[in-house]
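Following: one structure in C-alpha cells, then a few remarks.
When the chains are written out, they are named A, B, C, D, E and F in that same order, and each has its own residue count from 1.
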Amino acid sequence: MLTDSDVERWLREDVGHHDVTNDVPGETTGRLVAKESGVAAGVDAATAVFEYLEVDVTERVADGAGVAPGDALLRVRGPATAVLRGERVVVNVAAHASGVATRTDAAVAAAREVDDNIRVAATRKTTPGLRGVEKRAVAAAGGDTHRLDLSHMVMVKDNHVAELGLTEAIERFRERASFATNVEVEVEGPDAAARAAAAGADVVLLDNMTPAETAAAVDRVRGRDADALTEASGGITVETVPDYAATGVGVISMGGLTHSAPALDLSFRTGGDG
Amino acid sequence: MLTDSDVERWLREDVGHHDVTNDVPGETTGRLVAKESGVAAGVDAATAVFEYLEVDVTERVADGAGVAPGDALLRVRGPATAVLRGERVVVNVAAHASGVATRTDAAVAAAREVDDNIRVAATRKTTPGLRGVEKRAVAAAGGDTHRLDLSHMVMVKDNHVAELGLTEAIERFRERASFATNVEVEVEGPDAAARAAAAGADVVLLDNMTPAETAAAVDRVRGRDADALTEASGGITVETVPDYAATGVGVISMGGLTHSAPALDLSFRTGGDG
Amino acid sequence: MLTDSDVERWLREDVGHHDVTNDVPGETTGRLVAKESGVAAGVDAATAVFEYLEVDVTERVADGAGVAPGDALLRVRGPATAVLRGERVVVNVAAHASGVATRTDAAVAAAREVDDNIRVAATRKTTPGLRGVEKRAVAAAGGDTHRLDLSHMVMVKDNHVAELGLTEAIERFRERASFATNVEVEVEGPDAAARAAAAGADVVLLDNMTPAETAAAVDRVRGRDADALTEASGGITVETVPDYAATGVGVISMGGLTHSAPALDLSFRTGGDG
Amino acid sequence: MLTDSDVERWLREDVGHHDVTNDVPGETTGRLVAKESGVAAGVDAATAVFEYLEVDVTERVADGAGVAPGDALLRVRGPATAVLRGERVVVNVAAHASGVATRTDAAVAAAREVDDNIRVAATRKTTPGLRGVEKRAVAAAGGDTHRLDLSHMVMVKDNHVAELGLTEAIERFRERASFATNVEVEVEGPDAAARAAAAGADVVLLDNMTPAETAAAVDRVRGRDADALTEASGGITVETVPDYAATGVGVISMGGLTHSAPALDLSFRTGGDG
Amino acid sequence: MLTDSDVERWLREDVGHHDVTNDVPGETTGRLVAKESGVAAGVDAATAVFEYLEVDVTERVADGAGVAPGDALLRVRGPATAVLRGERVVVNVAAHASGVATRTDAAVAAAREVDDNIRVAATRKTTPGLRGVEKRAVAAAGGDTHRLDLSHMVMVKDNHVAELGLTEAIERFRERASFATNVEVEVEGPDAAARAAAAGADVVLLDNMTPAETAAAVDRVRGRDADALTEASGGITVETVPDYAATGVGVISMGGLTHSAPALDLSFRTGGDG
Amino acid sequence: MLTDSDVERWLREDVGHHDVTNDVPGETTGRLVAKESGVAAGVDAATAVFEYLEVDVTERVADGAGVAPGDALLRVRGPATAVLRGERVVVNVAAHASGVATRTDAAVAAAREVDDNIRVAATRKTTPGLRGVEKRAVAAAGGDTHRLDLSHMVMVKDNHVAELGLTEAIERFRERASFATNVEVEVEGPDAAARAAAAGADVVLLDNMTPAETAAAVDRVRGRDADALTEASGGITVETVPDYAATGVGVISMGGLTHSAPALDLSFRTGGDG
C-alpha cells in the first residue's frame, strides 16, 4: 500500500529547502489532463499526494479508465501554494503509472485477439520504490501482477535444479514454503517442462523459448494430463504477444510492461473551472 | 545522495517477509552483465545495494562507461544468500539508470553532430523516488541535470507573468531568491523571449516552439546583446534534437530522457569466475 | 526482511537520550543463554542488533535449533558499551521469537503424532511490527507461515459469499488475483465446504468447527474428488491439536502460536569466556 | 508516543503490495468486540490506526476499562475499503495490549488483596517496537510502568558493584546521572540490601529471592531507617504475587506482564449497527 | 519542505513513552507569546506541529513579522492533551527560528544603513536537521539564503585551485555543473579576485579579508568590467557589518546568523481567551 | 542515542541530489580543529557521521575535553569524496554541541566558585531534533541533563495546582507516575515552596524568583526538615549564576545552555598529516 512517507519522500526530493515561486495567496483549482489517449493509472497515488498537502480532490477517474486527449484524470481545489507544490509530483507519478497501464492494455488486447483466457503478466522487473504503484497499474489495465515479491511464490531456478535435481528441488521448496504459496519451475525446453509438470509444479515457466518451442512445451505439459499452468517469458514485446498467445500457453509475462513503458503524456493545469 | 534507507526500502519491497529460495549456504560470486550495448549508470546505486547486504564489490565500471553485450558492469563476492537477495534490485536500478544514460548519450551525440557546445538537459519529469539516481545518470552520460529541485532555480511561468507583468515578475523573484539562484523565464514566442532577456532573465525557456520559431527567438535574444542563455523544451525527441540544435539555442531539454527511456537489458549471473 | 531501521527503532526506544551506566571502557564478551528448554528463534534478529552496534557475533545456533538450560544461542565480542547497549533488545527479541518457535514445535509434535503430513500453521494474528520475525520463527520450528500478508493469498469471507454467492465470489477473486495467488474460502459447515471445493477453491477454511464437524467437512471435500486442501482454524490449542489432526484435515492453523506464546526464558551474561 | 509512522509500518507489513479482496465500494460500520472478559488497552493505538485510514471512531472505551464478552471496545464508520484494510492490525494491537492489561489487572488484584499500597510493575522486558504500547497498557490496568527506558532510572548492577564497590558505584552514578533520575541498586541478599539502602539507593532491587529472603531483606532495609523503596523481582507470577506482597516489599515487578501475557480474545465485526 | 516525519521526530524525542501530566480532559485554547521584541519565524513549523496533533491554529502572524512583548505569534484551540503535548516543541522551534530571524534583521538593517542594495546572507553553517527552517527564517527577515545545499551552487575552493589552476578549475566545474547552477570561487586576496572574475566566476568569495582588503578586491573585480558578484565572508558580525557594507561588496555572508543566534524569548500560555 | 537515520538525514539535507565538486579520486586525511578555546562535544556525533560514510576516525578527543586554538578534535583518513562529503555536517554538529558544552562549562565554573556541590542543569528548551546531542554535551561539560523528556520526571505546574490544590496534585501524579519517576513542583514564592516540600515533592522548582526570594524559599524548604531538593530557574545567565549559587539552592537550570549558546569556532582541514 502507498503510505504518507512515500508521498513525503517524493515531495521532499522535488521541492528542496526553499522554493520562492509557489508562495501564492488564495485558493485555486486545477486538473490533471491527458494530452494523448491511454489508460489512466496512478490516480490513487496522485490523490494521496494532494491529500497529504490538504488539497481536495473533487473529482477523479478510477485507475484503469480509458482517457482521450483533454480528459481530466482528476480535479482539485485548495490553497494555491499546496496545489502548485504538488503538481509536478502528481504528473510524474500518474504519467509513469499510466504509461505502464497503457502498455499493459495494448499487450492484453493483442493477446486477447488470439485467446480470450490468456493472462498477460508483469514481472519483478519494476522500478525500485514503485513496486506497488506499477503492479496496481498493471492490474488496473487488465494485466496480471504476477509475483508481488520474492515471498509470494517460489521460483525454482536452473541453479536449484542443477544442485538438487528437478524433482527433489520442487519437493524441497514445496515443503519449506507455506501451503499458501505456489511453486513455479523455470525450464528451458519442452522435456524439462513435462518433467516439471509431472513433479508437481503449480506453474511451469517456459523461459526464452521461441513460439514454436513454447507450443511444443505446452503440449508436453498437457500431455502429462497435469493441472500445471504454463507461462512464457523472455523478451516478449507487444508485437510478438500474438505469436505466444497462439501457443496455448496460460500466461505471457513481460518485464517491459514496467521497466520500459514510456510515460503517458499528461499535464497539470491550474485555474479555470477546475 | 543515495542513503541506506533508500536501499532498505528497495530491498524490503522486493523480498517480503519470508523467502525460502535464497537460503543457500556458502559464498558465491556474481556479475551484472550487459545484454545489449549502451551506457552504464546506476552502478553507484547497485554498489550501495550490495554493500548494504555486506557483499564485496570486487570490480566495477564507472557510471557513464560504455558497455557492449557481455561486458560486466560490476562483479561481487559474498554470502550466497546476500548475493541472491540483492540481485533483482541491483538489476532493476542499474537497468533503469543505464536506460536513462543510454538515451541521454544518444541525444547528446545527435546534438553534438550539429553544435559542439550545446547542452542536452533532463527536466524535473523524473520517476518519484529516483530523482537523484536519474539526474546522476543523465550527468554520467554527458547530459545536463537542469534543475535538481524546485529550489535550485526560479522558473517564472506564464501565470506569474499574467499576474505581475514580465518585468515585475522577474524582479520580484530575483529579489526573493538568493543571489546563488538563477532565474529562468518561460516564454511562448520570440517577442516575449526578447523582452525576458532584456528584463534580465538568466535563462529564457522557449517552450513548445517549432525549430523555426526557436531560431527566431534565439536571434531576438542575441539581438538584445543579452547574456541570457536560451533553452528549447517541449516534445523534443532524439529524432528532432538535430533540428533544434541547428537553431543556435544553448540548451535542449527533454523530459523523455528520464520518464520514457526503456531500460537497458542487463542480467545478473551468479557463480563462475565472478 | 529485517532492516537496519527496525533495529534502530528497537534500540532507540530502549536506550533513550542519555544512559550513564553503559559507558564502560574496553572490550567484553557475552552470551545469550537459555534458562529453560525450547526452540531457538530470533537469532538472526539478535545478530542484526549486535552487528548494527558493531559487535562481532563469534558463534551462534541456527534459528530452529533446540536448546537446553545453559546452552548459548549466540556469543559475542566487542566494545563493552556496545554489548551492554544491545543486550536488553537482544534478549527481548530472541525470547519472544523463541517463545513462538517453542510453542510451534509443541503443536507440530502433537499433530505429527497423529498424522505425519499435516501442517501446523500460524495466522495473520501477529504482533504489529514483528510479522516477519514471528513468521520466520514459526517456519524455523517446522510450522507453516500461512499468509504472509493480505496480498499473498485471497481469502473469500462470508460477507463476500453473502453478497455474491459462493461460486461467483470465487470466480471474481480468481479473476482479479494473479495466477500466482491461491484462493482460500472460509466456510462454516460441511455443505459449504463441499460447494467451495467444487467451485474451485484452492483451500477450504473450516472455521470454528468441532473435530467431528471438521472430519465431516473433510470427507465431503474429498468426496468431491477435489484437489482442494482443507484447513481447520478457530480456537485450536496445543491440547486440542491431536483431535483436529485426526480428522484428516490438511492444515491446522492457530493464532495462539504468535499472539499468545509465552517468551522463552533467556538471559544475557557478559564476561567470562564469551 | 505513538506516531503515524508506527501505524504506517504496521499497515504496510499486513497489507502488502496489492490486495484484491478489500476493494469494496461504499461505507460501512464496524466494531471491535471482546469475546472474553478482561481489561481493554491499546484502544488509543487502534484509534490511531483507523484515523490514519480516515475512518471515524464514533465511540470507544478508555484504555483500562473492563470488558465482558460482547462488549465493544470501539465502533467506527467509514469507507468499507479503509475499514477492512485496518481491521486485522486493530485487532492485533488491541488484543495484545489488552492481554497485557488483563494480566496486569490480575496481578494487581492479587497483590492488593494482601497489601493495599503495593505496586505491581512491568520491566524493560517488552516486545521490540511496542515499548510504549505495552507500558501504557500496564498503567491503564493499574500497574506501574517502571523504567521506560535505560535513561529513565539508573540501575546499579552486580558487575558495577564488583568493579567499584557498592558505595562508590552508587556515588559515581549518582553524580553522573541527573538529579531528576533515581538510582536503583540490584542486590542478591539481605545484607547487601541493607548496605545499598545505607549508601543512599533510592530503590533496592531484591533480585531472585524467595519470599522469606525478601521479607528479611525488607526488614533489614527498614532497620536502617532508610527511605529506600524495595522492589522484588525475578520469576514472580500471578500465582506467587501474594507471597511477595506479604513481605512488605514496596514494588513487585514481573517481566511476564509484557513478554508472556496471552492476547485477549477480540474480534472485529463489520456491518450491522456499527 | 517540512514534513510530517520531521514533526513526529521532534514530538517523539520530547514526549517519551508515557507522560502522565498531559492527560487532561476537554478543550483548551493557547497562544505563543513574545516576551521580547524581535522578528517572528518558525511559525509555519509551529503550525505544522499543532496540525499534526489535530489542534486548530485559529490565528497566526506570518514568518517575518515584527513582534513586541506580549504579541501572540499564533493562537490555537483544541483538545487540552494535544495542546499540552505540542507546546514545548512549538516554543523550541519558533524561539530558535525567531532568534535566527531577529539576528538576520539586525544584520540587514545595519548593512542597509550603508548600502541599500547589499544582500546579507546565511551560509551552510546551519544546525543539523534544521537547514530548511533556518534558511526560511533568514529569508523571512530579509536575508539571503545563499546555497541551500552543496548541489545548489558550485564553490571552487583553494584546494581545487591548487590542483588545477584557477582558470581550469572554473572551467572544469562550469562544464560539470548544470547551466542552472552558478559557480562561485573562493579567493584570499584582491589579485586572485580579479583573476577569478576574469575567468568567468559568477560570484567571487572574498574570504577572511579585512574591510580594506575587501574594498580593494571589489575594485579589482569591477576594474575587470566583469559582471561577477562579490561576497565577503569570514568572521563578520552584526557589529562589523557596516564596515563591510561600505566596501561596495554585493553580499555579506555570516555563519553566525544561523549557528550562533540566541533564541528569541517566547512562551506558550494556555487558557484565557486563546 | 544517535542513529544512522539521524546521520543520513543531516547528510541528505546538506548534499542534495548531485554535487559536482566532491568527486575527487584517492584518499585523504583531515582534521577537525578548534579556532578558539572551549570544551569539545559532539565528537561522538561527528564520529558517527564519518563512520556512516566509511571514513576511519584515527584519533579523537572525548566529549568534554578542553581544547585550545589549533587543537584537533578528531582526525580521519578515507576516500577523499567521503571526507569532503561529511566535513560540513561534522563541523556543524560539533561546533553546535561544543558551543553548548563551552557555555555549560562556564556556568558550572561560575557556580562552583560559590558552592562546590551545586548542579547546573539544562532544560527541555533544546533544538528540535538534537535533544540527545545537546543533553550529552551538557553532561560532558559537567552539567546536569535535567529531564530528558516529558516522561522522565513529573512536573506539577501552576495550572495543575489551580485545578486540584497543591497536595492533591502531588498525590495524584505520584500515584499515576511510576515509583521510578520523581515529582517536581513548580512554585512562585517561598510559601508555596514550603508547602510543596511538605506535601512530598522530590524537587521544588523556584520559578522566576530573585536571588533573595530564592534564598528565602530555600530556607523555608529546609525549615520543613524536608529532603526536597530545590531548583532555581527562569532567566538565569552565566553572569547571574553566582548570585543564585549563593542562595543555597541545589540546582540552577538555564534554558540558555542549549537554546542560545553560540557555536564554538571549529574548522575542518583536509590533507597534511591528517
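What to note about this one:
Note that in this section a residue touches a chain if its C-beta (ideal position, glycine included) is under 8 Å from a C-beta of that chain, and two chains touch if they have at least 3 such contacts.
All figures in this text were calculated on a predicted structure; none of them were measured in a lab.
Ranked by separation of Cα centres from subunit D, the top chain is B.
The two sequence copies subunit A and subunit E touch through a face in which the numbers common to both fall below half of the numbers used overall. For A-C, the matching interface among the pairs D-E, A-D or B-E, defined by over half of the contact pairs being the same residue numbers, is B-E. Seen from the C-alpha centroid of subunit E, the farthest chain centroid is that of C. Averaged C-alpha coordinates give centres for subunit C and subunit F that are 44 Å from one another. Separating the CA-averaged centres of subunit C and subunit E is a span of 51 Å.
As a whole-number value, the distance joining the C-alpha centres of subunit D and subunit F reads 30 Å. With each centre defined as the average position of its C-alpha atoms, the distance from subunit A to subunit B rounds to 23 Å. Within subunit A, the positions touching two or more other chains are listed as 4-5, 13, 15-20, 131-132, 139, 145, 148-149, 151-152, 176. Residues 119, 121, 139, 144-148, 151-153, 176, 178-182, 184, 203, 227, 229, 231, 250-251 of subunit E are the ones that touch subunit B when the two sit in their complex. Across the complex, subunit D is touched by residues 6, 9-10, 13-22, 88-89, 91-93, 95-96, 99, 124-132, 148-152, 154-157, 159-160, 173, 176-177, 255-256, 259-260, 262-263, 270-271 of subunit C. Subunit D makes touch with subunit A in their complex at residues 4-5, 8, 11-12, 15-20, 52, 85.
Interface residues of subunit C, counted against subunit B in their complex, comprise 1, 3-5, 131-132, 135-136, 139, 145, 148-149.
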